[in-house]
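What follows is chain A paired twice: with chain B in the first complex and chain C in the second.
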Partner chain A sequence: MWEKVISYVPHWQVFMQGFLAFLIPFLIFKLFNGFLLVKKNNGKIDIKEQANQSEKVHKPIQKTLEQFTGNYNVDLAQMRKEIGHNWDVHFREFHIGNTGNRAAIVFLKGLCDKELIDKHILTSLMNCHTENPTIIKGYELQQLIKNEVLPVSDLREESNVMKSVGRVLTGATVLIVDGITSVFIIGTAHGKTRNLEEPISEALVRGPRVGFTEKLSVNTSLLRQHGENQHLSIIQMEVGERSKKELVIAYIDEIVEPNLVQEVKKRIEKINLDDVAESGYIEQLIEDNYLSPFTQVQSTERPDRVIAALMEGRVAIILDGTPFALIVPVTFNMLLQSPEDYYERWLPSSLIRLLRYLAAGITLFGPSLYIAFVSFHQGLIPTKLALSMMGTRQGVPFPALIEALIMEVAIEILREAGLRLPKPIGLTMGIVGGLVIGEAAVQAGIVSPIMVIVVALTAISSFAIPQYNAGITLRMLRFIAMFSAALFGLYGIILFFLFLCSHLVKLKSFGVPYVSPTVPYRAGDWKDFMVRMPLKMMKHRPRLLKPKDTIRKGD
Partner chain B sequence: MNSSSKDKITTSQAVVIIINYILATGILTLPRASVEKVKTPDVWISVFLGGIVAMIAGVIIVKLSQQFPDKTFYQYNQEIIGKWLGWLISACVIVYFFTISAFEVRIMAEVTSLFLLEGTPTWAIILPFLWVGLYLISGGINSIARLFEIIFPITFVIFLLVAFLSLGIFEIDNLRPVLGLGVMPMLKGIKTATLAFLGPEIMLLLVAFMYPSDKSKAVKVVLVGITIPLLFYVITVVMVIGALSIEGVMTRTWPTIELMRSFEIPGLIFERFESFLLVIWIMQIFATFTITYYAAVLGLAQLFKKSIHPFLYGLLPIIYIIAMTPKNVNDLFKFGDKIGHAALILFGVIPVALLLISKLKGDKT
Partner chain C sequence: MKRKHRYVRFFLLILVSLPLTGCWSSKEIEDLGLIVGTSLDLETGDVSSEEQQDARYANRDLLTITNQLITSETTVSGTKEGSLPEKAYKNVSETSDAVLPTLRNMLLKIDKRSFAEHSKVIIIGEELASTINLKQSLDFFLRELEIRPSGLLLIAQNRASQALETNEPTKIPAFQLVEMMEGHERTTKILPPMTIAKLEGKLYSNSSFLLQNVTAEDGEVKFAGAAVIDGKTKKLRGFLNEGDLEGNAWITGDGKGGLVKGFDEQSGSPIVYEIISMKSKIVPHVDGDQISFTVKIQSEGRIAEHWVLLDKASDNRFLKKAEKVFEKEIERLVKNTLEKTQHEFQTDVSGFGTKLRIHYPKVWQKIKKDWDQTFSEVPITCEVDVTIKDYGTSGD
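This part shows the complex of A and B:
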């Protein structure tokens, strides 16, 4: 009896391995947890330091946080003290018409509309003639300027010095008049913008040829121009501690789930950075899981794409100074969709969409399947194919993994190099890289011709994905798939697939499961998933976003 | 404690969990195991009846769970039969769950090393599998349900595809005569067939995770959840016996894979399809492994009223050592039979008793 039991007690190595089975994931878990903790701590320290710093910075400011006195000389000196040392700040002193009151305008060269200042502000003020000029002072003068003299729509009064300084720096013109205890702020901001152009990163065959620009007001106006919609809310927020930037959140208040808007606002308010240079900063700071290789926020240059997302109940974030708007929440299927899918008829769109899914599959698993079949399971492929593959691989000195890595890395370098170069040289690069390296590598016997085909197919497939950053994600994961295939063959690929799926099902973007609508099964949402059903059938908004108003009106 | 609002699953998710739990080793071993017992081509009838037995057990389990809609089995059995006895039964169920997960892992390792990775040591096959499972389970029941929903359609499509392709070597004569030796041999196979349908017991836990409005549909969930694997199994048995005949099935350890190996369809990219079958089969084993692992971990956490994390990691070496204990494939199959017998008692007898007791208690109060 005992002997039988003892014969079943495993070897001590098994116990060691069992311990390893526990130790390795446990260590990884601890590592990541530590990572997260460190990050949190850092955040706390940062906030404290920031708070200290901002107190230090703010205290001296608070001392000078003074009001305008109404005494022209004092006020002007005050302004000069604050910003007078800047080369681009201009002070222009003059007299107001025949009243003899002294006045000055302060403005920023380059950022102001000079024509507006010259023709309308200065002209009107200097030519203002009243009947009994000597009596007019103080309050009356203020009313006179506001109501009769200045023909400007954007006119405000401000009594705080620092705030007026801030306004000057963003392009407004400040008018200081003797005897008035506040200054006029005239909206003359006129930054340089480029024209509306077709977005380069998201070109379409059919669809509007207009993209966002770097100017926020232009971008929001593009959204407004899409059509009259009184429910389109564009809410202003501010980001950046040192250089403040405007940012708007756009949503359609009749459709969007209110909690989603609250969550977006909350996350944006939490951003604590000196300077937010591009919407990519925001993307990285508001995403759910920064350890995930998948993009959890969609960026786009296309107003029509933003509008379409808003109409589904999503929220858009637009930052001043960048043409890339952000859309949240994102689901995996969005990365493989293009606005064109809806502009073309449903049959070609559906087929093209299926093609993209296929392309995504090839991008992810193409080279790894090749490695698995060549180095582990020659028996599983047709005999003739196996023979020809082995034949071409004869004389290749490397194992399949190295062979694949050489070519894959080469093509990634080519892509990166071609991206930065000016167009004519980029073309040459393509020819040199594609033809010379590919052909020569085969001739030299470093790689087999079939490998070149696999690599080329993979590279082309990865560019068939409409979202550039989604393509990068898949290309990145492709390397992991290759390594697991080299270790465990087909089994490794299955494990990698399961691992990837496990990661994806755990991932959420603003409370929405990343893999929806794949799972949980929502048959209604599948009309717009792998295929795009006819528009007449898509009467409902995606339910995964829990929109308030589920039916798309006017079917 | 683990039933916060985000840990809810939909009805379709519950169905998919049961299907994925049931479909596991049976696809590869059921034809041989049942033919060995029955020895006539009537195996498919046995499988059918086995499914019906499993349905009855499943319905009883659901009825029991519906008495305590917000609690898992581990929580409510102490209310029915007292603290210590309940604790003991919970412990047995937990042991059952992690033993079966270890069994699935080992079967997977055996098949993989035989057909896909010759020469790779068993530990190298098992360890990554365990870790991927661990990663999934740390996301909770919701992640598990979603992953199952991803792999179920893949299984469904590929399985039907390979089954359809094997029609080429199917001979109806191998399935004749129907009931040639009477009813008795067929009845002998029912027990073996029922063991292939291990899985409805997960409803002991799942009902607690379902949305309150859906809990009344739990019976339907079990019935649908068993019907689909039943079809899979019947198709498998019919195809395998039809192609390999009774004698052919008995001499092969993994008859279903042999079936896939025994035909070639030239002209397609792939001429042989066992790789497809193995792909979906490994995914199914992964599903069974994760759900049983999760059931065991959840049980431990609820039994000791602690967080789920220490058990999540602590159970890994135990599962590994159990998986490595059987010395060879025959040992492994015997081990599987023992688990099956334990399941018959744990989930055939005990739920009936508990249901009766709780009904009686309910009448008294």
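This part shows the complex of A and C:
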């Protein structure tokens, strides 16, 4: 009996293989972790050094926190000392009406509303006539100007020199009056903004033709304009050490999970940079995994998209000076969805969504499947097609991988070049490039016609993905898929796919699993995943975000 | 920083070791020679090969294998400026005493890597089929991984390699055979295709069966009846002609369409019946030791053509008369076929044995050893019921 049992015990080689199959991934994992640890340590040191440096920088500024004296000459001199050397700063001195008090306004050329200054500020001040002009001074004058003379809504008093300098630089007008120990700050900021236009990167057939602009107040007002909602919170924060920029976090406090807001605030506070030029900086600094090829923060120009995300319990981050708002947390399916899916009826939009998933699949695996079939699994091609492929590849000097690489790289160059060129030239280039790649390359015998079809299909598919950066991610991964197909055929493609899946499953965006609702599986959330169910059926908000209020109101 | 560099080095090591495998077992499609058809023949005349002189090979049968290859040079699009290649295929022959050694010897003659996953048809010569057990000669094809079980098996009257030749240089004979086979739905004169997968079952079940027969003369290939394979010896017993095949189709009810031609009794003009559906039922009767069968055939169809001037197709009396004519004609076909299979070849190719096994398993156990022998003496009666459903768009 024992002999029989022993005969079923595998040979030592099997144990060895099992051991190695455990050890090798384990070692790789350990190595990777060690690598991350080293990185982290380096990062910590950097932060400390930066903190020391920033303290040094801050000190001289703190010294000059001085108050206005009330002496006109001294105060004016102080202002001149701080910002007078700038070409665009204007000082205009005058007398206030018949009181004879000297006064000056300081403003920035270009940023201020000149008409407001000329018509309402200067005119009112110069023309003000009181009954006993000589007595009025100091506090009384201040009250007079505030209550009777200046017909402007945005008027504040400020006694700190540095703060008022800061206000001038952002477009306010500072009024210095002799004998008053503070200055008036008049809100005259009138920055150049462009009109509300439809965002070019996210055009829709149906939907509002409005996009964010570079001005934060316009952007937040767009959110407010969407509808009266007292629970829409727009919280102000500041980023950038040297050049400070305004940033707001928007969420709906009745819906959003409070921890999520805390986490977003925490991550933004940690940003320690001289200058945050665009919301892309923030995106890269707050994302969970900087080594992942997938975008973990969604950027959008569309206010309706932001509102829809807020209604699901997400948080939006809007930075001054850029039309791109950020939405967190992000799941993979969001990258393949468009606001139009909800505006159109559910059947067409469900089909279009499925089409996008198909397009994503083609983008990722199109050329690699071609390579695998042509150089490994010819038996899987239908016979007639195999014959014509054989014929067309006759005389092509390269193996399938090189052929595919040539074409794919060429089309990527074409895309990149066409993107930067002015429109008319870009169009010409598209035609010329298309002709060269399509016709001439085949005629010259460099590639086969079927390869051209595969490449064209892949390129078109990648543009069918509504998020531009998601399309780039897939196009990037496509090259890895091509290499693994060239190494091991279909087996390699499957290995690559499994590798990708294991990465995606582990990836999280602000604590939310990236590929949910697939993993972890939530049947309820599938109603708005690959297909979009009728609106009547989607009564619940996505559960993965743990919203406070799970039911969309009204039925 | 040193530590970090070490990790990077490890990463590179793993990364670099991956491409070391190269393109493992990759073979470009244009370097392949697709084998689309194979023929097997028995070599008779003097073969003065070296192997023949080896003592071990004395008195052995030699095989000639012809492979039909398609390479990138023979395809139309492979040649520049669309000029047609001289031939769309390339036949390569080689002779030896077993299948695989012959195929390997073939490598000495061709520049492409031969690839059999697109193999469509295997043709066996008459002589080979009647001298060597099919189980032996086809063993390699049943065993080999690269050969798909969807390939067809045909028997060729005279030399099989001739069936892979054609007068039309742009056509590929192997594909032509397959496409002709697919047309079997509109005639009962062609057998349903016998694939390698189906063949395997037939070979192991000891029952006799039919294989489609082709004749090839001067590059013209034609389907001509069927070859009868004996269930015990797995060798070719003889041929049925097209008429016999029609009768067989009526017995088994396998046909999906086709024609029956009858003659009007009064005028002698032909009437043609197009089959819409055919059904048959073989009913075995056992009475003591006496076994008999009744074949019940039911068919629906339409009058496709009639040359009788006196009668109108819309006339019910004429239809009744025509039905009778067709019933007689079908009965005649069935009788002819049974005459041949029962008495001339003494093999059961129409599945009578199977029915007996299902209905009377105990009786079958007793007689299954010599079933073909018993079958030749069994009385078989035939009942035919033809219904004419319509007469087309003309009432005349």
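Things worth noting here:
Note that in this section the second predicted complex is superposed on the first by the 502 of 555 C-alpha atoms of A that agree within 3 Å, B and C clash if a C-alpha of one lies under 4 Å from a C-alpha of the other, contacts with A are read in each partner's own complex, and residues count from 1 in each chain.
As a convention for this text, a residue touches a chain if its C-beta (ideal position, glycine included) is under 8 Å from a C-beta of that chain, and two chains touch if they have at least 3 such contacts.
Since the structure is predicted, the reported quantities are computational estimates derived from the model, not experimental observations.
Touched residues of chain A were counted for both chain B and chain C, and B has more of them. Of the two partner chains, chain C is the only one that A:Ser375 touches; chain B does not reach it. Legend: residue contacts after superposition of the two complexes on their common chain; A:Phe488 is shown touching both chain B and chain C.
When the shared chain is aligned, chain B comes close enough to touch A:Phe29, but chain C does not.
Shared-chain residue A:Leu273: touches no atom of chain B or chain C. Using the contact criterion defined above for the overlaid structures, shared-chain residue A:Ile402 touches neither chain B nor chain C, since it reaches no partner. Once the two complexes are laid over each other on the shared chain, residue contacts for A:Thr383 go to chain B and to chain C alike. In the superposed model, A:Met237 makes contact with neither chain B nor chain C.
Applying the stated contact rule after C-alpha superposition, one finds that A:Leu196 touches neither chain B nor chain C. Residues 376, 379, 381, 383, 488-489 of chain A touch chain B in one complex and chain C in the other. Contact residues of chain A toward chain C in the complex are 28, 31, 34-35, 38-39, 42, 374-376, 378-379, 381, 383, 386-396, 399-401, 483, 486-489. Chain C makes touch with chain A in their complex at residues 3-4, 7-8, 10-11, 14, 18-19, 21-30, 32, 34, 36, 70-73, 75-78, 80, 115, 117-118, 120, 146, 148, 175.
Those residues of chain A lying in contact with chain B across their complex are 7-10, 14-15, 17-22, 24-26, 29, 376-377, 379-383, 385, 488-492, 494-495, 498-499, 501-503, 505-506, 513, 515, 518-521. Contact residues of chain B toward chain A in the complex are 9-10, 12-13, 112, 116-117, 120, 123-132, 134-136, 139, 142-143, 145-147, 149-151, 266, 269-272, 274-275, 278-279, 282-283, 286, 313-314, 316-318, 320-321, 324-325, 327.
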